[in-house]
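Going by the order they are written in, the chains are A, B, C and D; count residues from 1 in each one.
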Amino acid sequence: MAEITTLAEAVAGLVGDGDLVALEGFTHLIPFAAAHEILRQGRRRLTLARMTPDVIYDQMIGMGAAERLIFSWGGNPGVGSLHRLRDAVERGWPVPLALEEHSHAGMANRYVAGASGLPMAVLRGYRGTDLGRVTPTVATVTCPFTGEELTAVPALNPDLTVVHAQQADRQGNVQLWGITGVQREAVLAATRSLVTVEEVVDRLEPRSGSVVLPGWVVTVVAVVPGGAHPSYASGYSTRDNAFYRDWDAISRQRERFTSWMREHVLG
Amino acid sequence: MAEITTLAEAVAGLVGDGDLVALEGFTHLIPFAAAHEILRQGRRRLTLARMTPDVIYDQMIGMGAAERLIFSWGGNPGVGSLHRLRDAVERGWPVPLALEEHSHAGMANRYVAGASGLPMAVLRGYRGTDLGRVTPTVATVTCPFTGEELTAVPALNPDLTVVHAQQADRQGNVQLWGITGVQREAVLAATRSLVTVEEVVDRLEPRSGSVVLPGWVVTVVAVVPGGAHPSYASGYSTRDNAFYRDWDAISRQRERFTSWMREHVLG
Amino acid sequence: MAEGGYSADEMMTVAAARRLADGDVCLAGIGLPSLAANLARRLHAPECVLVYESGTIGSKPRVPPLSIGDGELADTADAVVSVPEIFNYWLQAGRIDVGFLGAAQIDRHAALNTTVIGPYESPTVRLPGAGGAPEIASSARRVIVVLRHSLRAFVERLDFRTSVPGDGPTAVITDLGVLEAGPGDRELILTAVHQGVAVDDVRAATGWDLRVAPAVDVTPPPATAELDALRAMTA
Amino acid sequence: MAEGGYSADEMMTVAAARRLADGDVCLAGIGLPSLAANLARRLHAPECVLVYESGTIGSKPRVPPLSIGDGELADTADAVVSVPEIFNYWLQAGRIDVGFLGAAQIDRHAALNTTVIGPYESPTVRLPGAGGAPEIASSARRVIVVLRHSLRAFVERLDFRTSVPGDGPTAVITDLGVLEAGPGDRELILTAVHQGVAVDDVRAATGWDLRVAPAVDVTPPPATAELDALRAMTA
């Protein structure tokens, strides 16, 4: 049964310097509040995993919390570049950032393997590309039935996966709905998990298209209404598209970024 | 967009002698009516695939429609043996039946590979058992990252998969809910698919825990209320447990079985 | 009925139920395993989580199911997932604490046969086959096998190896007593007999030279609460 | 705005939309591809099925989404599935008729670069990376690449090969014209120029010796209905 506690206590108990942490959520339900708490607690040298780094990792990378990024698409969706990610890769500011990059299909299947307790997943991918040349975690296996050469990627098993969900009940059972992305797999692949939720309810009402995570596979639940902003929680909020657009200007220069983070996140 | 037609027309157009046919449904939503129509149309030499052959394949095997069975558990759930399956295997009556047997995990993953367009799936299974000795479709692959030897099973891609669902809309989009088993994978793995439904509705209302199959991945929909009996359709009927118990006596002797089938299925 | 007012099967079911701890996640097949797990939930293990191969997680059936696809299992579940997901994300991933298995034959290492009696190609009796057993046996953290003791079942050599237990604790609960995998070669050792059963009774029903623990426990007979709960479920 | 009362980007979007047939299943990335697919749905391809990488199948957005995770895409979808399922059961399995891609660089075989400008280890410009592109390029039955024509984009040699098209039809729609993979070595051939564009204009914006079809079509300019629908969506 998951423990229900505050975000500060949850992060203090679950995140250590140097951990491999995945904060997942495919555009929807991105756990921004948990990322901000990790920054406030000053965690360093993290390996951050996430299919789409998005603004959430732009903030963490810009604050120097990460030394490595495992990802598949690092842009500001519909807007453009992630300037802090670019600055870290192109100029090593504020600290150098090592990259391990995959395709979306590869990342998704790495979480699937992790959730399945397998050391690897098999897919038909990366064909003819340079990704296999620069990413050591891409290999091949031969199908024993057809002789076809297939792509293999290793399981991704984070020390901690953080996701945001709409609801938990008092036993720590969690329900999320709408676009649920790769969150089920990311939680099940992790050694520990933290779920921030919009609210705790007496009973999880069955919902169309929902994913239910039993409390016994969740380590800690923390109640953080609005914890996905500027992403959103279907049924509770809408995506703050203006913020995503504004982020382009906020993040473009180091100084403005840093003062914005001091004022809005660290403060 | 799926065509909506009668069961007789659907079966006539979709099932040929010698086809590899999967009629799936894990205890719930077993497409009995479609199986009966296949028998009425006199199809022969079928290869039947199904995780749990159940009474549905006991009937088809007993009528001599199958020459091969791909399966993982062939009993009458909670009751005992499938007498017609046993008679075919033990004494070749009415025709010999070749077996290709797997574990549930292996069968489920064979459908997953089929639905994924991959030639094989990888799992940790069959360890130390005699299954690999008698079943040629079990092999091994070595994980290129850890060196671990894993089990590989080939994709299962039926010529036709038949499932029963609660509802379709007029465009042939299909919705099933409750225990949905391996039906999504079995339909997506097949070259052709037939879905029998309890009813056609104007609009599929979103349902908790439902699987929606877009009409463009379904070949034909046929409206067959009660088409899962003695299995059931959650929200429409309950499992006829008495029938499953009665089947033990009906199916035990060849003559009683044959006359029962003539009266209740072929007639 | 045995003398004490309960049957050997009731003793077996109660003994199996007692091995579940509160909070255990239990993958239960239909029949006696499911009955034992549901009995445990009504007694000392109300938070025991029942998982069925059909995809239901956290089922709380009010009546024992006849099949693992009964609607009651889905209707009372915390979550219902697909069959591939149950086997890959839940069983294979090591999330099942206790796997229950039955069998037609068992050998001294708790390998099980549910496939054939006689040669595979021309069996005397064709049994149902593997089902979930191979992966339940190897992936569940603990394995509990439940079957009646007899020379036909407890054999020197299996006609077919359908499943082989993994490295975790393995216990076999029969109508005569309890056998547990020992250290080292993991051969089964008789560790308990049910009340009224002699060690020699067990030896006589076992088709190999049975190892016996230095001190063999005696299983306490079913308590009134246990029998009442069990009979309420099966009435 | 071009002379005819429409911009080169509008021409490009309309030309891309025209390549979708009614009933096509289309995996559309955000931005111009999604816009083109939604435009086709409003015009000649109302039954075009939109699939997004976020897991929405059959989305019918009333306003063009800013991100592929917009609630509108899920709320109007026929089905919403997980991200692994989209890539495994739908894309890899060959259920996508048309995959749309954009790029920073393209070569003569329609291989694309969305990873880096400059050397991988010390890039001048770090681009977003692969996303779904490698598997969209190889698994979709047809691939449509949309990008603006320039010497910076149409290069002799990519700085990084992020994706390589499969064996199906491949078309590149630019603000100047249309290039299509030819038979045999599948090198791109200029098959059409947009109205008002000369073949030499396209040559001058292409960083390799461009193959040109024997008869180059002229793309009809956007019709009023096309422009109206497009502008209504982007207003």
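What we mean here is this: a residue touches a chain if its C-beta (ideal position, glycine included) is under 8 Å from a C-beta of that chain, and two chains touch if they have at least 3 such contacts.
Since this is a predicted model, take the numbers as computed values, not measurements.
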item: Reaching subunit C from subunit A through chains that touch each other, fewest steps; value: 1
item: Euclidean distance of C-alpha centroids - subunit B vs subunit D, Å; value: 40
item: Separation of mean Cα positions, subunit C and subunit B [Å, integer]; value: 28
item: For subunit C, residues contacting two or more additional chains; value: 88, 92, 139
item: Shared interface positions of subunit B, touching two or more other chains; value: 112, 116-118, 123-124, 184-185, 209
item: Touch-based graph of the chains, sorted into line, ring, star, complete or other; value: other
item: Set of all touching chain pairs, with the criterion as stated earlier; value: A-B, A-C, A-D, B-C, B-D
item: Residues of subunit D that touch subunit A when the two form their complex; value: 30-31, 53-56, 65-71, 73-75, 80, 82-84, 87-88, 91-92, 111, 115, 120, 122-126, 128-135, 138-139, 160-164, 166
item: Complex contacts: residues of subunit A adjacent to subunit B; value: 117-124, 137, 139-146, 148, 150, 152, 154, 206-210
item: Residues on subunit A engaged by subunit C in the complex (per definition of touch); value: 1, 112, 115-118, 173, 184-185, 188, 212-214, 216-217
item: Residues of subunit A touching subunit D in the complex; value: 26-28, 51-52, 71-75, 77-79, 81-82, 85-86, 89-90, 101-105, 108-109, 111-112, 123-131, 134, 178-182, 184-185, 209, 231-232, 234, 238-239, 241, 244
item: Contact set on subunit C toward subunit A in their complex; value: 23, 25, 47, 49, 57-58, 78-79, 88-89, 92-95, 139
